[in-house]
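Right, one structure below, let's go through it.
A, B, C, D and E are the chain letters, set down in written order, and residue numbers restart from 1 in every chain.
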Amino acid sequence: MPTLDPLVITAILIVGLIGGVLGVCGYLTLGERKISAWMQDRVGPNRVGPGGLLQPLADGGKFFLKEEVIPDHVDKVFYLLAPAVAVGTALLALAVVPFGQTTPQPDAVVAGPGAVATFEAQQKAYQESVNFAIAPGLDIGVLYIFALGSLAVYGVILAGWSANNKYSLLGALRSSAQIVSYEIPLGMSVLGVFLIVGSLNPEKIIAWQAGASSGDAVLGQLAASLSIGNNWWLVLFQPLAFLLFLASGYAESSRLPFDLPEAEQELVGGYHTEYSSLKLGLMLLTEYVHLVTGSFMVAVLFLGGWSFFGLEAVSSNVIVTAVLKLLILVSKMVALCVFAQFVRWTIPRFRFDQLMNLAWKVMIPLALLNLLAVIFVKQFGWSLLVLTGVNVVLFFGAGVLGARTSGTVTNPKRKVVKLPPGLPAGVTYAGR
Amino acid sequence: MSEYAVVSVLVLLLVLLPLVSAVVVPAFGRVARRVALLLALLHLGVTGAVVIYAGAWLTQRNTDPRLNGDIGSLHFSPEFVPGDSAGSSGNGTDGRTTWTVLSLSGKPTARGTTGPNVQFYLGVDGLNLWLVALASVMLVPVILVSWESVQHRPGAFYGWLFVLQAGVIGAFLSFDVVLFYVFFELTLIPSFFLIGNWGATSARRDAARKFFLYTLAGSLLTLVGVIGVVLTNPSEDGTITFSIPKLMANVQEGMHAAHLKALAGDGSALAAKHQTQFWLFLALMAGFMVKVPIWPFHTWLPSAYGEAPTGVTMLLSALMAKLGTFGILRLVLPLVPDAAIQYGLPVIGGFAAFGIVYAALCAYASKDMKLVIAYSSVSHLGFLVLGLFAFNREGLAGSALHMVNHGLSTGALFASLGFLMDRYRTTDIAKFGGLMGRYPNFAILFFALALASVGLPGLNNFVSEMMMLAGLFDARSPGLKSLALAVVAATGIFLSAWYVFTMLRAVFFNPLKEPERAAPEAPAGDVSRREFFAFGSLAALCLVLGLLPQPLLDAMKQDVRKLSIVGDAARARVQGVPFVYVDDEAPAARPSPPVERPQLLEPILKGGQEKGAGNGKGAAKGKAAGNGKGPGAKE
Amino acid sequence: MTITLWHFLAVAAALFGIGLVGFLTRRNLITMFLCAEMMLQGVAINFVAFARYHGNLDGQVFVMFILAVAACEAGIALALFVSLWRRQRSLDVTDLQDLRELGTPLAMDADPLVRPVEEPDPTLTPAGARPQPTAEEVARV
Amino acid sequence: MPVTPVQTPGGIEPAFDLVAYYPVLIYAAVCILFGLSAVAATHLFPFKPRKPTKIKQMPYESGMDPIGSARMQFDVKFYLIAILFLVFDVELLFLYPWAVIAFGEGGDQTWRTVFGTIVFVEIMVFLATFVIAYAYAWKKGVFQWR
Amino acid sequence: MTDPLLKQTLTGVFRLAVPEIALVATACAVFLFGCLYNRRWLWFTVSLLGVVLAAVLGGVLDAPAPELLTAAPLVPDGTAAFVRWMSLISVFVLLFVSWGEVDRTNASEYYGCLLVAGAGVSLVARANDLVTLFLALEMLSIPTYVLLYLPARNKLNQEAAAKYFLLSVMSSALMLFGFSYLYGLTGSTNLTVITDSLTKAHADALNPMALVGIVLVIAAFGFRITAVPFHFYAPDVYEGAPAGVVAQLAFFPKVAGFVALARVLGLLGADVKHLPFDSATQLPLLLWILAALTMCVGNALALLQDNVRRMLAYSSVAHGGYMLMGLVIASSLPDAAGRPDVGGIDAVLVYLAAYGMMTIGAFAVILFLSPPDRPVEAIEDLAGAGQAHPISAAAMTVFLFSLIGLPLTAGFAGKLLLFVGAFSAPNGTPVMRNLYQVMAVIAAINSAIGAYYYLRVIGVMYLRTPLRTPSRSRAVPTFLASMALAGGTLFFGVYPEPIVAAARKAAPVPAAAAKPTAERDAK
């Protein structure tokens, strides 16, 4: 492989990534509309291009060419800055996300005879490998993503505040409260993964799932008897964490059923009520970028990254392998995005108190219990399969407990009071 | 338990009894004054016992070969030290107490050595014995004088009086520098409340505060000085000590060593020590000068004396002022002797001499009898300070005696003013006249006391003033300076006669003139029995001490002698000449003891032929107590 | 350009200095608090740089604790400022002058802050009527 | 990229250098530029209609007259969330380094054998305090939404 | 890395902090269950039991000293033990004192915060590591912020809380910046290592970084001990904050500040080590100036006050100055010739104990005499207290006399030790020696100045008639606490030996080169 200047490689990766992500996002909008239409037994966009395939381009153009209204009452600097901040931070989070083949940086070499030679060999091998991430080898990879995910609040808050509109403000407040609340289950649920793998580096996490799981006798036996190779995606051991992470991810990117900040029906768009033209486009784009990032992270952390039951290793050709890995990972990502559309049309939007209760009263305790389980398993050297059982028990236990204490949606245990007449018939409110 | 041990317990009681009384008395409400009187008499009885036994013991000590010629033996030797287990065997030589209040060293100190411990170290020696007696004696007339005049919360009043007495007696008895300071400061609190709460006019609060702050400011500097003395005079092994006798010995030894070096040609150590002593002298004197008070620091006095109720004024003048002079005697002279020689007469003496004349003139100009007596007190105290800083045998003995005498006469004068206060609520000279005919008995008593204060021969002040004058004229401190001071002091006596007689004339001899009665129920007649006891007994004491001072002088002889030798040595050091022991106690009369320490110049011989003086003195004391309730005979 | 320890120290000192100056000069409580936090960040940079320089983790550990404590302080600050705002509708430190030395006059600004003028709320055109464009708008269209 | 190795008690590891972060910096510059330039471009693009009217520039509140300023008072709960987030997020901050170090395969294994139990107990205590704080907040009614 | 010493050190550390852990655990329990039951007496009792438990644990558990001092984050030296007892006792007393102003809605938080703050003080004295020190200080500060506005009833309370909070945060930042330079110079956060290596490595060439660092640290601790250029918040905060909290605020930060300063400067322990200062002049001189300024300014400004609490605030500033004398003495000890009898630190400890008794007591009396509707603010509000509340007034008098430093009160014992220390602080250069003596004289004059304003309060209490009808306060525990403190003040005034012996045991005078003194040479 020709050795390229690292800067050139970086430049290529950046251009490729931004272009790719923007493209994917564009077509995600189309996909969303198509899926929505399919679910509602409609046709969906079908005028621009064959089957509406050029619709995203048309949308982009329109965003650009529409009248730009900057209302009088806004805080101009922040109003203009907000979309830039939002989209900038959203994109920035992608810096460490692997979107294809990666090779983890080797561990420190244990001191001993020949250590220096081993070290040099490892370093050489590592430097020759190509990583499909803008900044590979960052030890704090996942932490970086979380950090930038938190920064996303700034875009929302700035937009909501500077718009000087009550809907915007409410949207921004809700949004920040929501993002901030779900940040905690997000971070806690994924702690189990780090404990199992022992690294925050996404490349190492993928590598662990693609072939490691060493040191676990039960798993080794199981893998041998099933002859599936050491291909243990973390979702197998952390199904509950996977669910929590996924849900938190949706909340972070304000996807339905967590889209209270926008809630078109109540807040007419929430924090971007007052935006128009491309600034609105950027705001919308931001959410899709978040979705993409989130999906990538789920794929990397729980679904084995670029590994797919050995499929990535069918060819010994370097380039073919790389392309395969890229395709596998991207298709996992796309699949997750599509899954998000299904979720959108399956689960109705939460009320705000339900939303917050879900985060603080359900997800955090569950994540904590899961974390405890992982700690005990690792501390006492039990098999990771124990975790699967624990997760399942926790999940159903929580469900049963929740049903017993507060009832189900159709059969709530809380007292439901009828408000005095004057309201539309049949409208009921949950009493406090 | 030997008699000695019993007396040492009594010495402890001397301090504790007033403290207990202070707690007990307020609880009695309206009958508090009777209880207070009883307790004061009880204390007087204890004091009488101590004084009789200790006086005899101390007089006995004069025959005891105590000074061995070692300059390090020039230190006070307290007797009857409470807590001194060695003393229970009866000899009580070292007088080392075992009651440590505050230890500054982690190392345990062997018995008999003085580690850096602050100790509860009380004791009796010739210098404080008579002052303690004075303090005990004075309280009875104070209570009697306040009998009618203090109607507002008398229990608390008497309680504070007892605290004040405890403080004063404690300071007199202390042989630990910090303990001395503690008692010294303790007197401030009762004085503050006594003046501030029971004072005459609405200016009492300011007077109380002024008094408190002045004396506190001074005495804090004294504390600094005390600590400086302690720390600059460690013993041979480097440990510091707070015990006055030990400290005194350390000072003498250290100074003597430096002196020998200076005589050998290396004067740097001595110069350094002199410089240190100068600062320490200033610091120490700061508190005492305020307390005495000496001229520029006397400004708190008129308001405090003027505002305080009569009884408290008595205590302030008779006892509190003595704390200052006693402090000079106990701390300044022995601990910074060279500075006392160098700066005592020229500087402090100068102030004092100026103060004598100044206060006399103030007294002359005062319109109020209370202030006349107050200023006369300042004037006499200046004399006392001069006598102290003469720093020779006559001066010291005279001063030590004068403390008692001045206390008696001034206290009695203030007490007799209480007579007028009870009746008229004023002591303004201009409002009185011709009282001779109105109150003849009172007039006689007052005359006697006034004359005693002036120093009429045959009355107590004469003796001590003459001795002090003799000290000032002494050949060992030659020069125009002390002569001039002596002349000024003599002038002071003359002036005192002048203003006292002026006052007497105005009050007693002109046509009868008296102000409004204070209250309809105020006593109208001549001296009542209570009042007669109050200042009649004091007048009697004045007379007795004027006629028979020798027992007092005998008891303090040994200590005065030590102190005067300290002074001689210091004088020699300042003048840069070798120190030669001048023993004027008939050296030829007794054989020389063997010379134990060849580096010292002369062995010292003891005098003290007077024996058996204790009996007469005891009798005098018993009479002085005025109640005849003598303690169990100790002899 | 190699980045040495001194570059980090300079940045840290600058942050610290800016924070200090800001703390001393600003009047808004929140700004002041944020300036104090900025000082803490300067300290954190110092620690991290030194940790790298010495090759041990002590400094990094210290930074974690600094962050934790800073978070606690921020929590308390937020609570305090909210309650302050509720009581006196202002976060201006110059309003906090009730406690001062006896007889000291209130510290006043030479040119006091101009409070923004409340503009009257705009109103929509009544339903049914056509909005009347202003002359300016007519000219523009 | 030549990387000088560092000898640590655990073995040899590559020296830290900022080079690994250069791509992030470049990328950050690109992202920020992207955002800013997009806003600037749409703002400055000349060929688009610009017809501001007074009503168009009012706050949009679903066709109603806006009442009062948007700088209004809002529920203190939002502050509480902010405070809680601070505390809990910092809690996570402490857990992350531990999670990486505690059971990872790299690094100094002897240290782990010696201090593993202590660390386990410590993290349990840490989580216990976390739970206490969580329970406190819950009992204080912080998680009650209206 | 399997050094057994290291293992012993790191595992043994927990035992060193068992009482503090007990305190914090109690606090956690109180916090947690406090939201379930709002019972003042219940949480009061539980907190008392917690303190007692901590005391028992501290007395019973014999924690081995760490083998490897250069790695130990905590050290169990004498000073630490002394301060631990001091903080436990003062928490115990403060629980009683604060009864008067805690209401049932926030009782558990109040008591919990108090316990945590006490644990913080205790840990400050124990800290042997910059991290631990910082955390312990924050453990003290953060509950204090909460306490300051927890019972906040009015605008002044809030203002006081805001002022204290902001300045405290800033001082923390200053301190941390200093710490970061100390760490940078030595590569360790361990105080033993820092003091050691700075002394040895940089003895000849003074690194300006160390200078900057230590000056910042001294400035930051100056905030806590209200040393003079950093004292300005004290009067405002003391005036505005609730009295019970002020009692804590006047004492805990001072203890923490002094002990921490001594620890960072390496003045604790039997062999004194130093930061790279010329200990003959520089460091003592710096502290000297600080001490003198603090005393003089504190006293001078206290004279002008009409508000009791402001007056006490300035008095606490002045007392900080007196205590700084102790540090001056201690910092000059490495050059000591011979072995002085007072080491400075022991004097500071004694003074701190005495100061704690008298200042907490004074605020307890003020709190007891302040019903919620008519708090005692101006000095005149105390007029006639001698008749209206004879016992409380007597206690207040004891405290004020002790603050003056009159004999037979604990304040005197403290001052005496400081004076003795100032005179015995030996130094090679005569200039410094004279300066020490000048310092003692300044302190003496300042005490006299201080007497003026304390006496004013006593005068108002006893020599004036009451301006208002006596109020009936029902805060019996507060009253009991003030009685106990007055008793303690008197007892330790009459017989200070126990506390002095304890302090000396806690901070033994460092052994210096036993040079014979000049006086001995002369002989």
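Rule of thumb we're sticking to: a contact is a pair of C-beta atoms (placed from the backbone, for glycine too) under 8 Å apart; a residue touches a chain by one contact, two chains touch by 3 or more.
Chain labels with UniProt names: A = NADH-quinone oxidoreductase subunit H; B, E = NADH-quinone oxidoreductase subunit N; C = NADH-quinone oxidoreductase subunit K; D = NADH-quinone oxidoreductase subunit A.
All values derive from a computational prediction rather than experimental measurement.
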{"item": "Per-chain CA centroid nearest to the all-protein CA mean", "value": "E"}
{"item": "Taking each chain's C-alpha mean as its centre, the one farthest from chain D", "value": "B"}
{"item": "Two chains joined by the most C-beta pairs in contact, as defined above", "value": "A-D"}
{"item": "Chain at maximum distance from chain A, centres defined as averaged CA atoms", "value": "B"}
{"item": "Separation of chain A from chain D, taking each centre as the mean of its C-alpha atoms, in whole Å", "value": "14"}
{"item": "Interchain centroid distance [CA atoms averaged], chain C/chain D, Å", "value": "19"}
{"item": "Euclidean distance of C-alpha centroids - chain A vs chain C, Å", "value": "32"}
{"item": "In chain C, residues with contacts to at least two other chains", "value": "72, 79"}
{"item": "Pairwise chain contacts under the document criterion", "value": "A-D, B-E, C-D, C-E, D-E"}
{"item": "Residues on chain E engaged by chain B in the complex (per definition of touch)", "value": "338, 341-342, 401, 404-408, 412-413, 416-417, 419-420, 423-424, 437, 440-441, 444-445, 447-448, 451-452, 455-456, 458-459, 462-463, 494-497, 500-501, 504-505, 508-509, 516-517, 519-520, 522-523"}
{"item": "Footprint of chain E on chain C - complex, ascending", "value": "9, 12, 16, 19-20, 23, 29, 32-33, 36, 39-40, 42-43, 46-47, 49-50, 53-54, 56, 58-59, 61-62, 65-66, 69, 72-73, 76-77, 79-81, 83-84, 87-88, 93, 96, 98-102"}
{"item": "Chain C contact footprint on chain E (complex, rising order)", "value": "130-131, 134-135, 138, 142, 145-146, 149, 152, 155-156, 158-163, 165-166, 169-170, 172-174, 176-177, 179-181, 183-184, 187-189, 235-237, 239-240, 301, 304-307, 310"}
{"item": "Residues of chain D defined as touching chain C within the complex", "value": "6, 8, 16, 18, 51-55, 58, 63-69, 76, 79, 82-83, 86-87, 89-90, 93-94, 97"}
{"item": "List of chain E residues in touch with chain D within their complex", "value": "1-2, 7, 10-11, 28, 31-32, 35-36"}
